[in-house]
Amino acid sequence: MTTQVIVLNGGSSSGKSGIARCLQAVLPDPWLTFGCDTFVDALPLALRTASEGSGGIEVAPDGEVTVGPGFRALEAAWIEGIATMARRGARVIVDEVFLGGPASQERWREALGDLGVLWVGVRCDGAVAAGRETARGDRVAGMAASQADAVHRGVLYDLEVDTTHAESLECARAIAARAV
Amino acid sequence: MTTQVIVLNGGSSSGKSGIARCLQAVLPDPWLTFGCDTFVDALPLALRTASEGSGGIEVAPDGEVTVGPGFRALEAAWIEGIATMARRGARVIVDEVFLGGPASQERWREALGDLGVLWVGVRCDGAVAAGRETARGDRVAGMAASQADAVHRGVLYDLEVDTTHAESLECARAIAARAV
Amino acid sequence: MTTQVIVLNGGSSSGKSGIARCLQAVLPDPWLTFGCDTFVDALPLALRTASEGSGGIEVAPDGEVTVGPGFRALEAAWIEGIATMARRGARVIVDEVFLGGPASQERWREALGDLGVLWVGVRCDGAVAAGRETARGDRVAGMAASQADAVHRGVLYDLEVDTTHAESLECARAIAARAV
Amino acid sequence: MTTQVIVLNGGSSSGKSGIARCLQAVLPDPWLTFGCDTFVDALPLALRTASEGSGGIEVAPDGEVTVGPGFRALEAAWIEGIATMARRGARVIVDEVFLGGPASQERWREALGDLGVLWVGVRCDGAVAAGRETARGDRVAGMAASQADAVHRGVLYDLEVDTTHAESLECARAIAARAV
């Protein structure tokens, strides 16, 4: 089946968006790329920076991120929208953080069901990802380490790449070779 | 009919995105907001900064923007995706520049057909918009003036606001009062 | 005396940086522009997002900003550096928030002492500035209102502009006419 | 001699700013970090996006960057300003691209003369840097490859790091160990 959607799942600072940009450069057709950041930027400020109990995003002092029901309802619509774009002929790279592990994957799988999807795990050693988080200079410390393994637990992939020792472009080439 | 989508159309630097953020703050429910910038950011670099004949975005030396067939094909899928999000229950503010005037509106109207849409024209005097473009300090000079009137020609609205003398929040309140 | 430095003081969302960009466009010579944001971006993350007692920036839940001794020591060096740039022939626009009112102005006055300085107050009605803060969509609500009047109390100006009803470019032209 | 300034020189996408942010995190005292980007952002738009002959920045179609006399005059004042900040007690990391090789270094050396400076070369294999440029998704292609070796030719260092196979944090630790 032709690949219509490439889903990249990995923790914060694992290198997903760099891989997405490289995929756009190496894949023969034009692909769109959307990330969870695209969705979060679209939210009202109140859901983006929610205090406890607001139904939006909550970042614990140790960097753990949880989201509430207000976030989930809008996210479900967002996911369906992305699926429609792919059905209408746009090839789409999705750059995601499966905070809920297999439950998050299931949300995407149901929406994308009939489409040709390539599921890609973007791994990065937690300590290395934490160092890259420091290098970005603008992130809540701890998010990278907290998510490095957790987001992959129980998730099934067609392909896994590991950015610990490989460049984004190298990972993108490996993924592109599978996106037939 | 309940308003499910608010489409803001106006030229560059007319104040659309500020109105969109204010709408998110004043409307009682959570609304998502997406702009043509969201779509452009999702494009491959080759379509975002296209040289003549590439099928992507072209900005003439006087600031006039034209887009090619590669852009249009992906944009059609994007528009359908936004319509799906609204059909799945997300309320959506769309912040757009109808470079093609009524032809651009028609593209959105067909996709949104069955939804409750509030069409809003965001006007701004060309000279004032050009001054705001200068104040942003990062824009190709000329885009604001070139688009100020052109994007409204032949477009039909439920409501028009004018940011020449009114604040974003004030315009947002007028729009919110109509988004029943 | 030739104007070598233009200091713009105003609260958050009062429109200082837009005026600074317009000044660069309307003044005949090339001017550099630096803001308190330039300085804050240069700080280590620990001082930028400090928790209580860290010596860095603290933002209270109501938007009030206070800074500690670690911040002040580096800021003093920063101010001296800007003064040197002007002494070496660069014309400089400084975009500042005098959180300490006259004490803040005194810090700059001492460093700039021998230079030709134009002191400009950038006023904006607190409610209007708060609305513009909402329109930016990424600011801690309350900062604009909290600073609107406080930063001007006891500060002496050569010229005041008010962005409540005037565009950035208009304010810039009034300032440029005085920057001889 | 105590290190008061750390100068990082390397081509575009070699990883300098990531190393600078990591240095801020690992060095015991608070350090400021400024890059050539800080200076470029301070310039008037006309010098930032100059067309041929304007005296500002020119980027050739192959990514080669050259700067004119208007740029150089303001840059000289900027460099003196940074030197003053260090003399006044701020420790400063400078993140630079020596487009002029030894001539660029000489400009900094003269200004910093009496200060304790650690000169650091940030190397990255040209092909790897070009791949990272692609991963950023917003850069003129070719800049990284064009600068990878050229900016180091004839420049003298106290220490060189190579980001081709080493993380920013690792490089920062090696530099910090020398910044006594």
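Per-chain residue numbering starts at 1, and chain names A, B, C and D are given in the order in which the chains are listed.
In this text, a residue touches a chain if its C-beta (ideal position, glycine included) is under 8 Å from a C-beta of that chain, and two chains touch if they have at least 3 such contacts.
Only a predicted model underlies this, so the values are computations on that prediction, with no experimental measurement involved.
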item: More contacts between chains, B-D or C-D; value: C-D
item: Greatest separation from chain C - chain, by CA centre; value: A
item: Distance between the centres, which are taken as Cα means, of chain D and chain B, whole angstrom; value: 38
item: Computed distance of Cα centres, chain D from chain A, in Å; value: 32
item: Centre-of-Cα separation between chain D and chain C, whole angstrom; value: 27
item: For chain C, residues contacting two or more additional chains; value: 21, 24-25, 45, 137
item: Residue ranges of chain D in contact with chain C within the complex; value: 21, 24-25, 30-34, 38, 41-47, 70, 73-74, 76-78, 80-86, 88-90
item: Chain D residues within the chain A interface of the complex; value: 15, 17-22, 24-25, 128, 131-132, 134-137, 167-170
item: Residue ranges of chain B touching chain D (in the complex, touch as defined); value: 45, 137-138, 141
